[in-house]
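A, B and C label the chains in the order they appear, each numbered from 1.
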Amino acid sequence: MSDAAIEVESLSRTFKVRGAEVVALRNVDLRVGRGEIVGLLGSNGAGKTTLTKILATLLLPSGGAARVFGHDVTKDLREVRRMIGVVLGGDRGLYSKLSGRDNLRFFGMLAGVGRRRLAERLDAELDRVGLTEVADRAVETYSKGMRQRLHLAIGMINEPPLLLLDEPTVGLDPVEAERLRCDIATLRDGGTSVLLTSHYLLDIERLADRVVILADGEAAADVDVAEFAKLAGYTAIVTIRGMARPPELDSHQSQFTVIDLNETGGLWTLRLRVRDWSVGSFGSLGSMLDGVDILGIDVAPLRLEDVYSHVAAQLAAHGPTGDGEVRP
Amino acid sequence: MNDRLRAATGAFLTAARTEQRTMHGNPLVLINGGFLPVALLVISVETQPLTPGRAAEIVVSVMLTALWAATIWTSGGVLRRERTYGTLARCVCGVESPTIILFGKSFGATLYGVGMTLATTLATVLLLGLPIDVAHPLWIAVGLLVVVVSATALGAMLACLFLLSQYGVIWSGALMYPVFVLGGLLLPPSVLPIWLRWVPQLLSLHWINEFLAGAIDGRLSLAPLAIAVLLTIAYGVLAWLTFRWSIDQARRKGTLDYA
Amino acid sequence: MTTHDLTSTWRWRTAEAVRHGWREHNVTYPPIAVFFATLPKGVLQIVFFTILGGVVAGPDHREYAFIGGLTLALTTTNVVTVISVPFADKYFSTFWRVRSGELPAVAALYARALPYLGVALGLFVVEGGIAAAILGFGGLALRLLPWLWIFVIMACGYAMLGIAAATATIAKRADAIAPNVLGYLTILCSGAFLPPGQVAWVDAIGSVLPVRHGLAAVHAALAGRPWLNEALLELTICLASAVLGLLAVMMQTRRATRLGHDDFD
């Protein structure tokens, strides 16, 4: 068996929409190691779900190759399906008139779980996702969070070494979303590899080891989460409020980049991007603000949303470079 | 008062037009208004030769029988479709009276059903070469107008079933054959047991059937038409009362939004 | 894994699918709806066609129309519920799991449809009994009992053709039309009401659909004429319907894999 959970090489997928060709994936390369969580980011229509469906053997690629634990997703269907759990999520994909237990049982059988094992797995999964008490209620009475948890239970019923999660926390309240993240983290700690697509950077921040950004069907970036933060080119935003004369910045330009300066009625607000925020940054700020009348300073550490917005803006302006790199 | 009337009329017509647009391409219209008259006409007239008078009777009966089936699924399905689209709550909780919206939608759907049934029946009559002479065409038109109004009221009444039960589709399907058997349309009341012969008299379509058959073969009588109109008014009142109660129940049980 | 283990696993998977179909059936057609809606509908359908036969074609046609009415109730009222199985995968967007499961998709569909067929046949016997009592055809009903197996073949053929029609058209928003067209074609062309030899095009269409030959076999058997050929033809059409169902599922699976649309749209 291969070292990697997922290996994707030059994967392409084109759709015909009303006679026109739409390129959903263009020569994508991707690797997910064993026990690794890789976050797949991208705007709507970037190709995330298309890639997930190809890996889930639900969709054929137009070109290239994809393997799950060494098995080709277009040829070794049975082997691949036994090794994956798929969570496409959402309100659909469940027999809503039947109970959670009925759904889990039927899909567990389809996922190849044996008869005796299924009985044990049913109770274990329902317990793990906290649905034991409502297991025998019709799914249509479940909240969104409960449905997502049921989807996760179905995805894990066959104890797959690889989980494909497509936007698992969409529509969930913060508490439910955090609960789901904890469940996923526990799976990873148990050795499960995960490919996670999400719009919510908090999912990536909390869970992912690496981030792959898809843009216009291409892999525009493939970096560790820690490195991902550096793609924005800064690590914090400082907001300074003062009165009378705003500070001079020329000699401090290497550390700070001005975002904007607003002056109204003798008061001003200056926002700065800081390249590398550290203890030493206080000293630089101090010398910069010497003699300036300050009313307040706020320091906001970089959030991944900020990084992604910056990266997305760059990609929108310049497009993917084709070499899997995004320039900060 | 004029403003209120204008607003209500506007709401009624808008609801009717909206329902007609949603009925565009709806297969249910094609099925019940299209296939059923053809099937019933062919099996009724091809089994043995017919006189012109008997042919006319059968054609009218088949048309009204098919119309009943169409009513169940088109105008009777108005609220079921709203529930499927997730628009039911908005329809019944708007500024205008929900009853006006219901009747407007039922009217729009009925026009479609009547139109399709009429067109298919006429086409089949022509294709089969059935011998039919119409004695009073103007009264036929009047009769058809009453058919539209009556079917609208009947459909509105049936539509409320879907507010009362999530199995409304199954109950509605079961309503076809009681009227086929007891409605006095294709099966005349004389073939029913004596103790059941009063049942067709409760159905407006039975009286319209008598009236239209008379208008075709020259035995015109306005009494059946009058009774049909009275029954239609009764259906309308029943629909209004049932609908108000149904909405109330749906609000109590929280089922307005269940798809 | 031995052959025995494999066979046992496949049997269990199929049994699970049947069990799932039973659960689906009970929530879609709960007992209260079956007994108070479907059952009376079937009875009244038989009564309607029988009396109509007498009205349009004379008293001699009533017996013929009764047997036809039985068949129509069996197929267009009872068995037609099997199309809920492919419809469920459409409306709940679960087809992607069914087609990527260990059990072949067509096997999963047919296995889930089995309880619907079982209930349909059970209802048929009850409906027939009640209608026969109402119409005074008790003797005829009893004479039909040994030929129940032909009705079972007709039911199976109709079910599988219904599933095939629903599955094949499901993506084109014609899913409501196809099974209903099948129903009306059955009323018109199966010989349930209109005896063979009356209208040429009706005979031609009916000859390739389920029910026609089975009904002919039943009428022949009751009249003491040879019935085997017609029964075999009905069985052939039943098997052909099963193949059509398989082809329809394969087509939808390929379509879904090609286009990535897993909710049938």
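Odds and ends about this structure:
Keep this in mind: a residue touches a chain if its C-beta (ideal position, glycine included) is under 8 Å from a C-beta of that chain, and two chains touch if they have at least 3 such contacts.
Computed from a predicted structure; not experimentally measured.
In this view the innermost chain, defined by its CA centroid being closest to the centroid of all protein CA atoms, is C.
Of all chains, the one whose Cα centroid sits at the greatest distance from that of subunit C is A. Work out the mean CA point of subunit B and of subunit C, and you get 29 Å between them. Averaged C-alpha coordinates give centres for subunit A and subunit B that are 54 Å from one another.
Look at where the CA atoms of subunit A average out and do the same for subunit C: the two points lie 48 Å apart. Taken together, the subunit C residues at the contact with subunit A in this complex read 9, 12-13, 16-17, 20, 23-24, 27-28, 88, 92-94, 96-98, 100-103, 108, 256-260, 262-263. By the touch criterion given at the top, residues 25, 27-28, 30-31, 35-36, 38-39, 42-48, 58, 167, 170-171, 173-174, 176-178, 180-181, 186-188, 191 of subunit B touch subunit C in their complex. Within the complex formed with subunit B, the residues of subunit C that make contact are 29-30, 33, 36-38, 40-41, 44-45, 47-48, 51-58, 61, 173-174, 176-177, 180-181, 184, 187-188, 193-195, 198-199, 202. Every residue of subunit A that touches subunit C in the complex is listed here, in rising order: 15, 50, 53, 56-60, 77-78, 81, 88, 92-98, 102, 105-107, 109-112, 114-115, 138, 154.
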